[in-house]
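Read from first to last, the chains carry the letters A, B, C, D and E; within each, the first residue is number 1.
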Amino acid sequence: MSIDPAVPMADSAPVLDREEAQRLRAERLSRTGRWALPILVFVLVIAGWHWLVTAKEIPHYILPGPGLVASTLWQDFGILAGSWLVTLTVTGLALLLAVVFGGGLAILFTQSKWIEMSFFPYAVVLQVTPIVAIAPLIFIYVDSKIAGLLICAWIVAFFPILSNTTLGLNSADHNLRDLFSVYGASRWQRLRYLQLPAALPYFLGGLRIAGGLSLIGAVVAEFVAGSGGIGSGLAFRILESSYRLNTPRMFAALTLIVVTGVAIYLVLSWVTWMLLRKWHESALKRDA
Amino acid sequence: MSIDPAVPMADSAPVLDREEAQRLRAERLSRTGRWALPILVFVLVIAGWHWLVTAKEIPHYILPGPGLVASTLWQDFGILAGSWLVTLTVTGLALLLAVVFGGGLAILFTQSKWIEMSFFPYAVVLQVTPIVAIAPLIFIYVDSKIAGLLICAWIVAFFPILSNTTLGLNSADHNLRDLFSVYGASRWQRLRYLQLPAALPYFLGGLRIAGGLSLIGAVVAEFVAGSGGIGSGLAFRILESSYRLNTPRMFAALTLIVVTGVAIYLVLSWVTWMLLRKWHESALKRDA
Amino acid sequence: AESHVMEVNFGTNWVAQAEHGGYYQAVADGTYEACGLKVTIVPGGPQVNNRALMLAGKIDFSMGGNLLQAFSAVKEGIPLKVVAAHFQKEPQVLLTHPGKVTDFEGLKDLETMIIGDNGFQSFYQWMMADYGFDAGKRVPYTFNPAPFIADENSAQQGYITSEPFAIEKEGGFAPDIWLLSDAGFNTYATTVETMQETIDTKPDAVKCFVEGSAIGWTNYLYGDPSAANALIQEANPEMSDEQIAFSIEKMKEYGIVLSGDAETAGIGAMTAETIQSFYDKMVDAGVLEAGIDVSQSYTLDFANTGASLELQKQLASK
Amino acid sequence: MRTATHTVPSATADGTSRTLLAMQNVDKIFGADVVALRNMTLDVQEGDFLSLLGPSGCGKSTALRLIAGLSQPTRGAIRWGTPMADGDLSVVFQEPTLMPWATVIDNVLLPFRIAGSLTDEARDRARDMLARVGLAAFEGAYPRELSGGMKMRVSIARALVTRPKLMLMDEPFAALDEITRFKLNDDLLQLKDSMDCTVVFVTHSVFESVFLSNRIVIMAARPGRVIRELAVEAPYPRTEAFRTSAEYAAQCRAASDALHEAMGGDVGVH
Amino acid sequence: MRTATHTVPSATADGTSRTLLAMQNVDKIFGADVVALRNMTLDVQEGDFLSLLGPSGCGKSTALRLIAGLSQPTRGAIRWGTPMADGDLSVVFQEPTLMPWATVIDNVLLPFRIAGSLTDEARDRARDMLARVGLAAFEGAYPRELSGGMKMRVSIARALVTRPKLMLMDEPFAALDEITRFKLNDDLLQLKDSMDCTVVFVTHSVFESVFLSNRIVIMAARPGRVIRELAVEAPYPRTEAFRTSAEYAAQCRAASDALHEAMGGDVGVH
């Protein structure tokens, strides 16, 4: 409770000003902090890394310092940029597939409890099957390499979307469902106007998980699909530099992956906020 | 709308009986269907697999038929059981870690928007870092092999729990939050009595995703941590049989993994249902 | 003849490197094409399983590491045949920090053995059985030598042609080298495997590929390898001239490709005795079960034709 | 005022009206032992404005849900005399039941959207209805930006905008002040008159039920059941004049007495 | 009955009472332009039973939330004359606001749990309070198994059970039938009397406000503001006798007139 019992009753005019000034100050602080603190933490993390590497004299081939990684990133950007683009493409497509086939399956599954009980286990099967083990099978029967890559990445990424969306579709308010029944809404209308909006926060939660996973999926897919030389993504660069003991470049490639992951997350968080800020508890700013 | 306008007004007594009988029959059908349909689908999937293998004459070293896999599973169970136990242990511990450190971080992050904005990116960094690339680093600095295994598996599994729980903690009803403010609830009380229960459906959603992922994590960790001979899990058996071209045994091991994954999912679904059936929309049976 | 050019592909076990030089050479200088093959080389990689693709008929020839898998194939009833062995010796080595151990037996006393998955499944099984190495000391080799460089008390697997170079370059010391073949692991390596069906339906292609490869290897090692190196570097831009030169030198120095039977029967040659003796050794060591008919695992029809002998005499004697 | 029999649907006093629906010996039991309704029999004639009056927890909402088909009777049945098509029915639930992600106008337009008739005319009607409930300025607002009473008014507007044949209203005006309430009472009667619909209305207010209805069904709790039925004989249209008439006051007193008497000491609060 | 000045907190008629809190020139603006309150000044004396009466959407709930400290004024301030500790305050929100995962009794026990005083005595008090609101049989039920009015009664029980110094109640009885309502009115007055607390009460019912309060503040909408204040001079305790007294009727009429007059044509509904 924010009631402040100590403020005296008299002197109200100056008190008022003081309070308003205080409110303003708090607001300004919070506005600055929103940006300053993450940056501060980032600087501290980098500084800590640097300190670790120098103080413990960790050789650069085991863990290069941030400066070395940055300069390698700068110098090798020509080599890495092409690979980055490949990884980005696969990631983007895999995420798209995950949305379409994860969300689509979720919609299918909520159409009937029976369908869900009959087919959901196979989604779990897909989720837990080690890609490494079945990749050869996939590549035996899928001719196009890019299709194989996408299947692998999709298998890694789709489950959170499926699972969260199913949960969301089933979490639509019962009173609203009743309302839709009263007006004789068709299955499709109920889905479109009630279940999908109600599932949105859950779906977006799944999407934020799947964003990172599709990146991982792209990397793993590349490992198992194994493309050499031209047209290969960051995973290949990592393996290759690791193999060549070019650890700084490996970390430069890792940095690109990590930056991509964080960027995907931030973009998806922003999308989430844009879509939910008007109405969902998780995105609402309290009071005004 | 389920209003049936065609039923005549007269003859109410027999009509009543007929309707009640109908209701009973529908109920019985639904009770049977709940079990029969999944079993039917399962049988069809197995039959389809068998048909595929025989009709297309797929050699057993590419894709063994279900019968061969089953008999291999039976014969080699002595060899596989030990590995299964290892994988199960790692999976269980990894899931536990994911719950503790995923849920714990989520709780930490919802304590302040600033903390969340400052540290969430590093959780994303962990999520998207390819285990394969950083595993050597981990094993250079972590002496205990089991600790290294668990770190790897945890990195794979924790993010959905963190992400979903954070979402859930932030989705607590605003009116209830206000109520807690009025009564001067401490941070801890608000967490314990409001945010945690409100987050439960989301957390459990994350848990069901993480269940499968911790299994994958255990497998991947074993790939990268590598244990030989005694004390090695199903991943090792897969690699071994794959190397020995013993495809039936590889599929038997895969089957064990997949069965484990589905079992984990079913158990977690049951837990979810037990915890939520009294109050959450997603688990409520509509009407009575 | 051009209309009869047949397209085949050959899956290697790693990204393009000098250890595949003979095949690239034969592609580059038209040796394969001369006998009617258009060969596409499909590079492998750390998690790539080209052999599985061959089993499924997606790839015609696949590069085998050593003979163990060919024996497994017989056991599993897989109609797979080794048709040539281009490395007479297993080039696999164990590396240690300089002066750390004095003989192969001494490796057992080290705390960590950094061995890849395939290595663990093959030669390490033999090392355990024959020398009493400990499975628990093994950690996986991810083709990153940093853990080895960081830990004096470790040994790491490697190809004699690759890892020593990388370690010397990055780690700043020349590691001690323990050749497995010297310790008794007397398998052929870098074999060419194909399915029985390929042998039955297109024996000409198999013949052309095996003989062309032998000629390719001769030209690569003893002739002008620049065209092949260009192809290798095109497929793998990271491959340095220095590394290639190092590999070629080591292959020659240790007689990896050209030694023993290859000197009399041509590069790629195999003998039933060598294969049987390796199998017996593995059975004795408990790596493989007895009773496998290893004669099913190979055919000498293509490898021992001596197609490259002429050229070998010309070039290698120089 | 007269106590009607309430067993046989066709036995109502007004011979010309047709039975719209009849609940026949309906039991509704929740879980193992919560008897929400016991042997409830009720008929609704076409054109009725029927109020359900009773203590909190006596099963009024449950009865309404049964009629709406949202819930199935444990025993007994509900019969329809007139076929009802989709969209012939609308409901005001006890809670506002708005879609939090949609603006006020979109919430009101929902029935049209479902009926596939989202025309400009529908929009005009929705705007008009919002103006009637005093929310013309809020059509672009989201539910969370509204006060409790405003939310309920949106829900009322949504139910009225389609001019349904049968309207089920569960305490629609409970959250509203007297003036707004009176205004909406008038509006509702006007609307009902102009479009000839039937209303089943749950209320706690005796005054409201007398002003609005031609029939008042009084229920008692635990188990929920019908214990009395009253007819309000005053003719429609009823205006402000009726509200201040002696007749109205007398009827209210009678209804209130009937309610008290019928419930005795057992009023759900002890 | 008398119109009090409503600018300076210390200038109330009753010289002996102390000012508990005062809203001073409070504006509350939502978003860019929704003026929920404009220049609202209001004092609450210790021991007051103050009713806020006004049309839907005039800012009653907003004012209550400001007093509860759940929302900060855009301009102006709220001052406290008496220090309030945690637990001295309780609120009945306009919506029941129950925890869906907790049983009825656990919901009622929440304030004790937060105060760290979950004793057997607290449980007894909670049971007793549930019995008073007629829910003795439902202590193990979950909120979703309750009717609308029952939920609200749980919320009321939760607010009363801790015997707080200041109670803020937002239309607590709107969803209840007359009999339950009367019963709870009596209970509330009795409780207030026995524990000497202050109540700020939002209602739509003139009758209820007159029966319960010593002060009635009448608000108008758009922008929300105080337009009149009335004092109800009748002494406490007020019993059923008061409800049927001529004095009560007269006061109600006066309050109703004041409300209508003060609001003029601009009542939020046109």
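The working rule: contacts are C-beta pairs under 8 Å (C-beta built on N, C-alpha and C of every residue); 3 or more make two chains touch, one makes a residue touch a chain.
All values derive from a computational prediction rather than experimental measurement.
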item: Neighbouring chains shared between subunit B and subunit D, ordered by label; value: A, E
item: Among all chain pairs, the one with the most C-beta contacts; value: A-B
item: Most distant chain from subunit E, judged by the mean position of its C-alpha atoms; value: C
item: Distance between chain centroids, defined by C-alpha means - subunit C, subunit D (Å); value: 86
item: Rounded Å distance between subunit A and subunit E, as computed from the means of their C-alpha atoms; value: 46
item: Centre-to-centre distance between subunit E and subunit D (centres being mean Cα positions), rounded to whole Å; value: 28
item: Inter-centroid spacing, subunit B versus subunit A (mean Cα positions, whole Å); value: 19
item: Of all residues in subunit C, the ones touching two or more other chains; value: 49, 52, 56, 142, 144, 146, 150
item: Set of subunit E residues in contact with two or more other chains; value: 30-31, 68-70, 85-86, 89, 95
item: Subunit B: positions in contact with at least two other chains; value: 1-2, 62, 132, 136, 140, 173, 181-184, 223, 242, 280, 284
item: Residues of subunit A that touch subunit C when the two form their complex; value: 59, 61-62, 79, 132, 135-137, 139-140, 223-230, 236, 239-240, 242-247, 250
item: Touching residues on subunit D, where the partner in the complex is subunit A; value: 65, 68-70, 85-87, 89-91, 93, 95, 97, 99-102, 110-111, 113-115, 142-144
item: Residues on subunit D engaged by subunit E in the complex (per definition of touch); value: 30-31, 34, 53-57, 60-62, 94-95, 131-134, 145-150, 153, 170-171, 174-181, 183-184, 204-206, 256, 259-260, 263, 267-270
item: Subunit A residues touching subunit D - in the complex, by the definition given at the top; value: 173, 175-176, 178-186, 189, 193-194, 197-198, 200, 278-280, 284
item: Residues of subunit C that touch subunit A when the two form their complex; value: 15-16, 43-49, 52-53, 56, 58, 142-146, 149-150, 166-167, 169-171, 234-238
